[in-house]
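Let me begin by presenting the structure, written as structure tokens, before commenting on it.
Chain IDs A, B, C and D follow the sequence of writing; residue 1 opens each chain.
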């Protein structure tokens, strides 16, 4: 029972961490970033490069975030800016970008699986059972991340400007907010979060050119179900992640693998605006 | 061009020359010219759908001017992006969706100033004009009454301490007492800070009580203009604006 | 081809003939190609031709209708697996061959229908249908994986019995299939119905308010394209003698988007060339440069999406248009040859209007809230036959919301709207058009790339239907619509794309389109905004005639109160979501209360 | 970088063989292989060992005096790519034989083309078994050969009675575990759980929790190579699972790169670099000399490929010509002694093999624990 509880909690945390970057971008920019999976991959490879060069494994996370931020700023400028009024085309362009990133990674690192050192391995004892320490740390990370994003959005000037742009872009511009800059920074932040997430999940995953792809669709579904809000995403992660674990445990892990997709499609049919609206 | 138009002078804050703009292919604003000096209130009068709001939006850069020029303190700002124009010490209060309903009152005010420190310093401006707003800083702006929302709107423009305010139908839907208060605040602001104010209105009594000069917009063109001080204007204006 | 312009002699050729000639030429190429192609290229091309059919369906769904689909590959896979599963597990022979094909088509059609039902409903965001098409291949592939020996799981099935016809025979089969589907699609997209697809892409909402059953049309198209995709997949599997999960997968689905985007959306030819070009080039290049080739395709895809949203084909067609347009003014280049003749329609509804004694519209206790904001509160209005009722009030009074609540059953919070004795309930806009409500909109964005004639035909879809393969030349319109077209000169501009119309003409067309749906209640939202004085007068005359001669009930939102005073029978004043006054023109004009509201001296509404 | 070197070495090889065999047409060997996609990790090593075989054969005068020429084509590790690759090899290059390590999907997609064209085809990858064609021979292992050593060892030496099985949901994963379960039950053991995750799945949480709650004596996994294998191993280690663990999908190279996570894993292979035979040492030295720094570690996929080219040579020489039918008839008759020992594809087109049970040590190397001589592939294609 305790295991099941921890499974649900840790799985949801992972989903939350992975989807957060996608949500920030969709929330502020109204844009679905199909290169999200590729950004996760870039994060994984950043971790590989960092530990390969002999640096401390904890450095992988800030390093990946930095790489992601720079990448995001460049991508926003070159690819996304011309596409703001063509949101469906932006999905396609970012998907194409994902293909390109995967190929570039293959050129540099080859198709094979790479490895990065884990900051922590082994198990910790909790509730009389031994449980993966890294997974427990991810719960902590998810909580901190959720709090930090909330703080960023609700207690900083950038957050205020970003929220103003989300709610009414024209009014925000009329008050002197440079919405173009807000978008660029937001995309940089989203990409940074995605890459950091990529680094955060490497202790449990392999690093290969397609490592991010399976996460893309699930994150996308979660974000839509969340209604594009932080508490909504937490709720969606718990709900759908929990459903995935329950189905995997009690029915079959194979059906568990498509639980999120199917459930999200159903939820969105009933509540098109997602969980946190209407 | 009207003979009543003031000659351009050094203190002219905003000058609009031959401005034409609109949506689709149809111009909504046609060949409009005027200028406002510091410490002056100009009101553009006209009925709904005559292009008043579009005029303000064109000045602010939201609607593209197809010809003509807008100068702000001597600098040509025609068709600049809105946020750059706003950063030129311009406070714009649109008519619809003018406050962020889902933000708190305080957050709405914060958006009026460049940084959060200025807010604290200038909160007394708001306190002086609308004490009720300062009492409700923590409240969601959407929960304010219609009149309070208008106060918030004007407060947000006040604390920006702009050189010019562009105000779109602030009196709409307000009670007479409230309208009078608005007029007082605008007058005081003009006198105290030497702000230039461009009002767009269809409420004639309010407009005449506060403005120095007026211009009447009809189907996108200025058809008449003059000084409010000339008392006989009221009757002519009534003719233009009656239902 | 035939319809792009102009005064060339072939204009007497019907689209049938031009398509037939093009198809015959293409077939000749298909029949002779194996003679000079080497066996390898033939082999590669056969598969590419089947994929070309898949690309065509993606173009119909995405390029023409605007539904971004990631899952067209699912139908391809269903067809392929129908072939493999039937031949592997049940039997093989001519009978089984047909049975498997039919099973594939039915299964694909059924699944497309289910997905369509789920994803296309009024108010669904375009994103939601994309999500559904994304989920479809993911789920399908998972089912194939779990199928064990039955589906061959990841290894797929191969070596099942099939017809080992010669390579040339298969080439001809694939070629004929592609030419047939392409020719039909060519006629289809140029038919009356094809125009509806484009209209849906350009302005889905407006289509619904013209009484076009958007959801049903999308679902139908999805089913047909799914079935065609299934046929292509069936052929592919029967030829290659192997199926694998990747044939149904999400990656093939996105790949087909790449073909279509690179080739050029909504061109049919572009996607076919895109599919064949990329697939054949892959066959030659991917052996030596597997990663580099993918990289190049990825970069090309991104560049084309950003810089050439209409695909590489647009470079060619753009140059062709410029060539055609040299020496002519811009609009002439976009003026299509038009065979449309307008004829008067016998309008049963308009006749009924004159005899029916039920009130055309009855609004009872209508309330509309958005969250905590009450936009309309307890509105009670009766609209009578032959009455022009103006709704006035300051901005934000709820006028447009009232229109919305009448024309879409899903909008209001409570209360009821009764049209000619029938409650609208929660009906969708197109169902309410059927009841006889016509609504015009404030903004004038029509269907930019359609011609005036197309727009009018579109507006008649609910009553006259639409041909699937041809473009009818006669458009029957009720008398008042014809009058407006004549008055505005639109009847001489039937071949012009609407985006090149003047503002006044757009307003006129909008009104003519609404009238073409034969409404009994007409909702007009600022029909004269942005019009010149003579244009206003003309519209005013038309409105008066509609009311007096045809017995329509017109609800008019208007800011120009002079105009309102001239033409209204009655005026309703709204203020802050409540009805302030409902009375004759004189009553309203002389009302102190109204004056006060307009000059802002009074806000208390009378109870 | 790597790619251009690969391409240039191929070109060089082509030029060399062409120059030497100008007088008579060379024998063309088609190698469809996954240069891209899932197999692209091992494909380069397979190409390298093929190149070595061709070079050695050409240096000694070729096959029946004809030089050998390799034609490599990318099959993209999947069905669609394989069709392209087989088409191009069979119809465009008109190769005499196809010898390749491929995924099952690619093999299945290529087989109809092979059957249609009537070309000998030697499949050199271990697989789930029971793929049959008159034109195809297999010189690598099937479940019957790989699984038995591990299960026997776990039951006899580790005293395991209860097992837990985990796999990727695909043909190979299910095929292997199906046999494993059957064999365990026949041997008197018990299977407590058999769970699968989709091929691209990476979250093994629920399965691992189930495993821990059932508390089996031993674990055997059969995932897809690469990512699923690594994610499962990492997550198992992270959850503190430390029962005897047999991994059917890990090879020496991967074990080494996985570092500490791989320590203690049992693997069962027909080839390990540590085999102490003269043939293996000569082979490794020749590879080392030919490729130097570029050398991809030889493995259980590249070595059968190397041997298959020699088996083909022997068959052509026995048949006296490269005639496809004659060669196919001769293939089961000939044998070759290579790095893995004596190889003869005489059991229903499959091959009895010597299997090695190894365990991964702390430093990532694999220690051979036990050798199982001539393990029979069992009934694979009774109709052939």
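Quick notes on this one:
What we mean here is this: contacts are C-beta pairs under 8 Å (C-beta built on N, C-alpha and C of every residue); 3 or more make two chains touch, one makes a residue touch a chain.
Bear in mind that the values here come from a model prediction, so they are computed numbers and not experimental data.
Taking B-C and A-C together, the chain pair joined by more C-beta contacts is A-C. Once the centre of each chain is set as its mean CA position, subunit A and subunit B turn out to be 44 Å apart.
Each chain gets a centre from the mean of its Cα atoms; for subunit A and subunit C, those two points are 35 Å apart.
Centre-to-centre, using mean CA coordinates, subunit C is 53 Å away from subunit D.
Counting partners per residue, subunit A has 107, 254, 257-258 as the residues that reach two or more other chains. Residues of subunit D found to touch two or more other chains are 3, 36, 40, 169, 198.
None of the residues of subunit B touches two or more other chains. Chains touching one another form the pairs A-B, A-C, A-D, B-C, C-D.
For subunit C in complex with subunit D, the residues that touch the partner chain are 38-40, 43-44, 47, 142, 145-146, 148, 152-159, 164, 240-247, 282-283, 286-292, 294. Those residues of subunit D that touch subunit A in the shared complex are 1-3, 36-37, 40-41, 169, 195-198, 200-207, 209-210, 212-213, 226-227, 229-231, 234-235, 237-240, 254, 257-261. Every residue of subunit A that touches subunit C in the complex is listed here, in rising order: 32, 79, 82-83, 86, 88-89, 91-93, 95-97, 99-100, 103-104, 106-107, 217, 220-221, 224, 254, 257-258, 261-262, 264-265, 268-269, 272.
Every residue of subunit B that touches subunit A in the complex is listed here, in rising order: 60, 62, 81-84, 86-87, 92, 94, 97-98, 100-103, 107, 110-112, 114-116, 156. On subunit A, the positions that touch subunit D within their shared complex are 3-4, 7, 10-11, 14, 107, 110-115, 121-123, 130-135, 203-206, 208, 210-211, 213-214, 244-245, 248-249, 252-254, 256-258.
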